[in-house]
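The following pair of complexes shares a single chain, subunit A, combined with subunit B in the former and subunit C in the latter.
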Partner chain A sequence: MKKKSIWPKVYLAFIFIVLYAPIFYLMFYSFNSGGTMNNFEGFTLDWYKELFGDKRLLIIVLNTIIVALLSAAIATMIGVIGALSIVYMRKKTTKQALLSLNNVLIVSPDVIIGASFLILFTMAGIKLGFTSVLLSHIAFSIPIVVIMVLPKLEEMSMSLIDAARDLGASPWDVLSKVILPYISPGIFAGFFMALTYSLDDFAVTFFVTGNGFSTLSVEIYSLARRGISLNINALSTLLFLFTIILVAGYYFIMQRNSRAAEAGVRK
Partner chain B sequence: MNSKTRLFYLLPYVLWIGLFVVTPILLVVYYSFFDLHGNFTFANYEKLFTFVYMKMIASSFWYAFLITVFCLLIAYPAAYFITKTKYKQLLLLLVILPSWINLLLKAYAFLGIFSTYGAANNFLEVVGIGAQQILFTDFSFVFVSVYIFIPFMLLPIFNALDKLNPALIDASRDLGASAWTTFRKVVFPLTLSGVKSGVQAVFIPALSLFMITRLIAGNRVITLGTAIEQHFLVTQDWGMGSAIAVFLIITMFVIMIVTGTRKRGIQ
Partner chain C sequence: MNKLTRAFIAVFVVAFLLMYAVSELNGSDRKTAGNTLTIYNWGDYIDPELIGQFEKETGVKVIYETFDSNEAMMTKIEQGGTAYDIAVPSEYAIDKMKKANQLLPLDHSKLPNLKYIDKRFMDLPFDPHNKYSIPYFWGTVGIIYNKDLMKGKEIKAWNDLWSPELRNNILLVDGAREVMGMGLNSLHYSLNDKNKEHLLEAKRKLDELTPNIKAIIGDEIRLLMENDEAAVGVVWSGTASEIMWEKDNLEYVVPEEGSNLWFDNMVIPKTAKNLKAAHQFINFMLDPKIAARNAEYVGYSTPNQKALEHMPKDVVNDKRFYPSPEQTEHLEVYENLGADMLAYYNELYLQFKMHKK
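Right, the complex of A and B next:
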């Protein structure tokens, strides 16, 4: 028996305290009636009341959710189609080329994506605003969906498709009754990841959003640049709870998906 | 599957690759050859090699290097200790969870903690060092960045350590190697692929994130990302911004090749 040292536990405890302290610090001061993040004067829910009374902010939240749901849905459709076309690609080199191109947007820094999309939309004459934000969110979500769906497709046995065809299924039947149900856990996971990427994105949106349109991240940034306002604390408390619900949902899907292939770290 | 359905699958996806992956990169390269008045020029690249820009690039690399090294030094032991505990999946989830919280909110929390009368300065007062200017310094920038990037470094290292066969460590110890030699000659080389993906996941964003520098470091730290954002959204000099973006893309490819994982020694 090796002697168990206490230091690993102390070290891990320290890491976790440092990781979570800022988040709880933020949440704690959302109940401060003092108006600063320094001394806690008394308990209040005023900041939450102010938050829910802010019409402009509510519209921004709504915008963010609409963009996230729409972009995730469209990206999931195109992503699934893309994954299908990659898997059934006959030529190895084309397949590799497509896969590499697919990963370009995943590894590219956000600033590059944002700046290049800004040029693209300006050249194409698309007005900056809802359309440009939605299009860019769809664009950077597609490769994530492809990455989540591909392993499921590759694990599926080709004989399932052959069997369906032999039994007289049309290509559409094969797709809707055999392939899609089989890969549905991957599709859900992809949709979920796309949703959270869109909700969380700041840098790309910041570049392609014009003056009239704003999402929550962009709004938080412009508020934070002006300094401390406990509205943001209240907002982050709500977002933190929402994030926990999302993560719980995601892990629930991955669990059903059996042994989570990759635990997702956000970019 | 016949060729007509294959083409049907391929079309929207290939259209996406063409429009949102290939075109934007080409546009950035194209724009980097034009000055403010739309004349063709190499001046942007010439400017990139002047002292001012070289200094900016060097400091950006230096900060990214510091951030990566600190992340590695903190995350490696943490990942190692987590693999040794009974609740490793739960602890891993706890490490990942903060990475799902909006990056801006985490940066904003430090605006409060590092402020003149914030928690960090209160602590320094109690210890007897006395209040310092923490916000808008290089220290705060590196600290906050390390805080934000730790999960991205920890996850790949954890995965590599988790796959490591414990019999190898026992064998090494049985053959008389000290704990340090075992780590240096067995554990570390076998988890190098995890370290490499961690470095990749930290170094490139550390070069390119502009919101942390803007919020936390004031204008004291200028990274490649900050410079690109500045040129695109403030001075409107898209040509120069594109030239820096091209430089960042090339850097990214070099880093990817250098840290490219060849998956040796890990089952």
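Right, the complex of A and C next:
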């Protein structure tokens, strides 16, 4: 067998180092007693203490997570229904048109979406705050979920559905016992995409926050004029670790499921 | 399907648990429901303990929100949707907000502590008789320089920047009014000059400065100055005090030809719902002891004369950040030039930025 060259591995390692270096740099300085990102003076956990002492910041972090979870979950439900109706659309032209409309929403600039939401909400008399942020996050997450779920649906063979119907399944059975289990990896992927989009969105959120309700990205951005304190580094470190745990958890669940599936086949 | 249902139920349960946690964290505030005050301020621009103290003293619940630019703040206020009771715009923004009818007049009879504000900073051109605004913090535009890199040479005036020794060593803050003002001041013109001849002259003078300029940038000046990347920077005094906080061998001067005097001011926007609490809060922040504590936290210069008595002597006597009345006399506040003139300033500034070395 031909010996594999080492260069691909070096290249890969290099790329990952470049991608992760800024994050580790930031994490490293969250332990700096010096108070700046310039020289490392000594190890301290003061920034973490300060972080947990700051009630306002904690509420903002929790709010950010709540909005992300709820908006991702609701957007996933609506998005899956949307994907189903797009895939099983009879007329090809309508299907194409709907898909394009969906994609336009993904590529259009956040600033425009945010500004239009602000105008809409103030005209409709919805008070800016939790509701307005949640609604707008659901809205911009739906197209993403649709895009994530569609390929799974399209790859599914129609004969599966025909077979199910032949064997006497009701339409509800077909949906809940055949289609949804089949596309569930797509659904989870859509959910996680929506979750991350919601967590880091600044532009749309900026326009629709108000009445004391704020999310993390808006809050951190507003610190720019006075300089960002190291407790934001501490916070970012914790959020990064939290994300890592989520990703690892997701990976293990997937692993277990695929092993279970294989075992099922062997039986 | 079961797996999906379980996963989604789990997500909702977690979300509602977190919501419960938030309401618990907010718990102590429920008693004062109804009597709230919404403050819209720059990020990290108030001592958070003071908000707690104000809540305790008055029983008003404070909702505190932050913004990062005057433009962003004006957009949110213009659109409505949030009942901001207090906002803190810079002086040029006040002029715009006044013209757009976004401000409510202040009731001076409810602000007895107003008498503590230094007379120098009252009744300024952007708001005659302080009808709409009360100064919150103030400062200057000036030159910060690195004593080591300057090898003992001092800078006192704008014209010192044109010295050939400073080749490729100057950082400018990226603002049309600031840079054009520097050109005008160096020729001893007013930085609100509307004479196009004078402006062209200033622009030509600035063009001569280009070999000395290393960069025209924003907040990055802080980092570059702290890392000895350049010897000289043209900055706002607030930025300067933050840089000097980090590093010792720096000096800040307000050029002797004159310079800009800027203000951030407390106003009550038209979205206000709780006028009583808004006045209470402004009056609270004008209290000398409170103003002194806030100034120590933020590190900018307070316009509250009485507050200076409660602050450390070495801060108050620092002529760089608390210039004497004689020094501030030849400093000018930006006046509204009108849209056409402002466009001309921007045009010249753009030409200057594109000028080849």
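In this section, the second predicted complex is superposed on the first by the 217 of 267 C-alpha atoms of A that agree within 3 Å, B and C clash if a C-alpha of one lies under 4 Å from a C-alpha of the other, contacts with A are read in each partner's own complex, and residues count from 1 in each chain.
By definition in this document, a residue touches a chain if its C-beta (ideal position, glycine included) is under 8 Å from a C-beta of that chain, and two chains touch if they have at least 3 such contacts.
Every value quoted in this text rests on a predicted model; they were computed, and no experiment measured them.
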Next on the checklist: After the superposition on A, what does A:256 contact: first (subunit B), second (subunit C), both or neither?
Outcome noted: neither
Item to check | Which superposed partner A:81 touches (first subunit B, second subunit C, both, neither) | outcome: first
Next on the checklist: Under the stated touch criterion, which partner chain does A:119 make contact with: subunit B (first), subunit C (second), both, or neither?
Outcome noted: both
Checklist entry - Is A:73 in contact with subunit B, with subunit C, with both, or with neither (first, second, both, neither)? => result second
Next on the checklist: Once chain A of both complexes is superposed, is A:176 in touch with subunit B (first), subunit C (second), both, or neither?
Outcome noted: second
Checklist entry - So which one touches more of the residues on subunit A, subunit B or subunit C? => result B
Checklist entry - In the superposed arrangement, does A:221 touch subunit B (first), subunit C (second), both or neither? => result both
Checklist entry - Touching A:55, do we find subunit B (first), subunit C (second), both, or neither? => result second
Checklist entry - Is A:65 contacted by the first partner subunit B, the second partner subunit C, both or neither? => result second
Next on the checklist: Let me check the overlay on chain A: which residues of subunit A are in contact with subunit B and also with subunit C?
Outcome noted: 36, 38, 118-119, 206-207, 221, 224-225, 227
Item to check | Complex contacts: residues of subunit C adjacent to subunit A | outcome: 1, 3-4, 7-8, 11-12, 14-15, 18-19, 21-22, 25-26, 38, 42-45, 48, 63-69, 72, 75-76, 79-83, 219, 222-223, 226-227, 242, 246, 298
Item to check | Residue ranges of subunit B touching subunit A (in the complex, touch as defined) | outcome: 1-2, 5-6, 9-10, 12-14, 16-17, 19-25, 27-28, 31, 74, 77-78, 81-82, 84-85, 91-113, 115, 117-119, 147, 150-152, 155, 201, 204-205, 207-211, 214-215, 224-225, 228-229, 232-233, 238, 241-242, 245, 248-249, 252, 256
Item to check | Interfacial residue positions of subunit A with respect to subunit B in the complex | outcome: 8-9, 11-12, 15-16, 18-20, 22-23, 25-26, 29, 36-39, 78, 81-82, 84-85, 88, 98, 101-102, 104-105, 107-120, 123, 135-136, 139, 142, 171, 196, 200, 202-203, 206-207, 217, 220-221, 224-225, 227-228, 232, 236, 239-240, 243-244, 246-247, 251, 263-267
Checklist entry - Along subunit A, where are the residues that touch subunit C in the complex? => result 36, 38, 54-56, 58-59, 62-63, 65-66, 69-70, 72-73, 76-77, 118-119, 121-122, 126-129, 132, 176-177, 180-181, 184, 187-188, 191, 206-207, 209-212, 214, 219, 221-227, 229
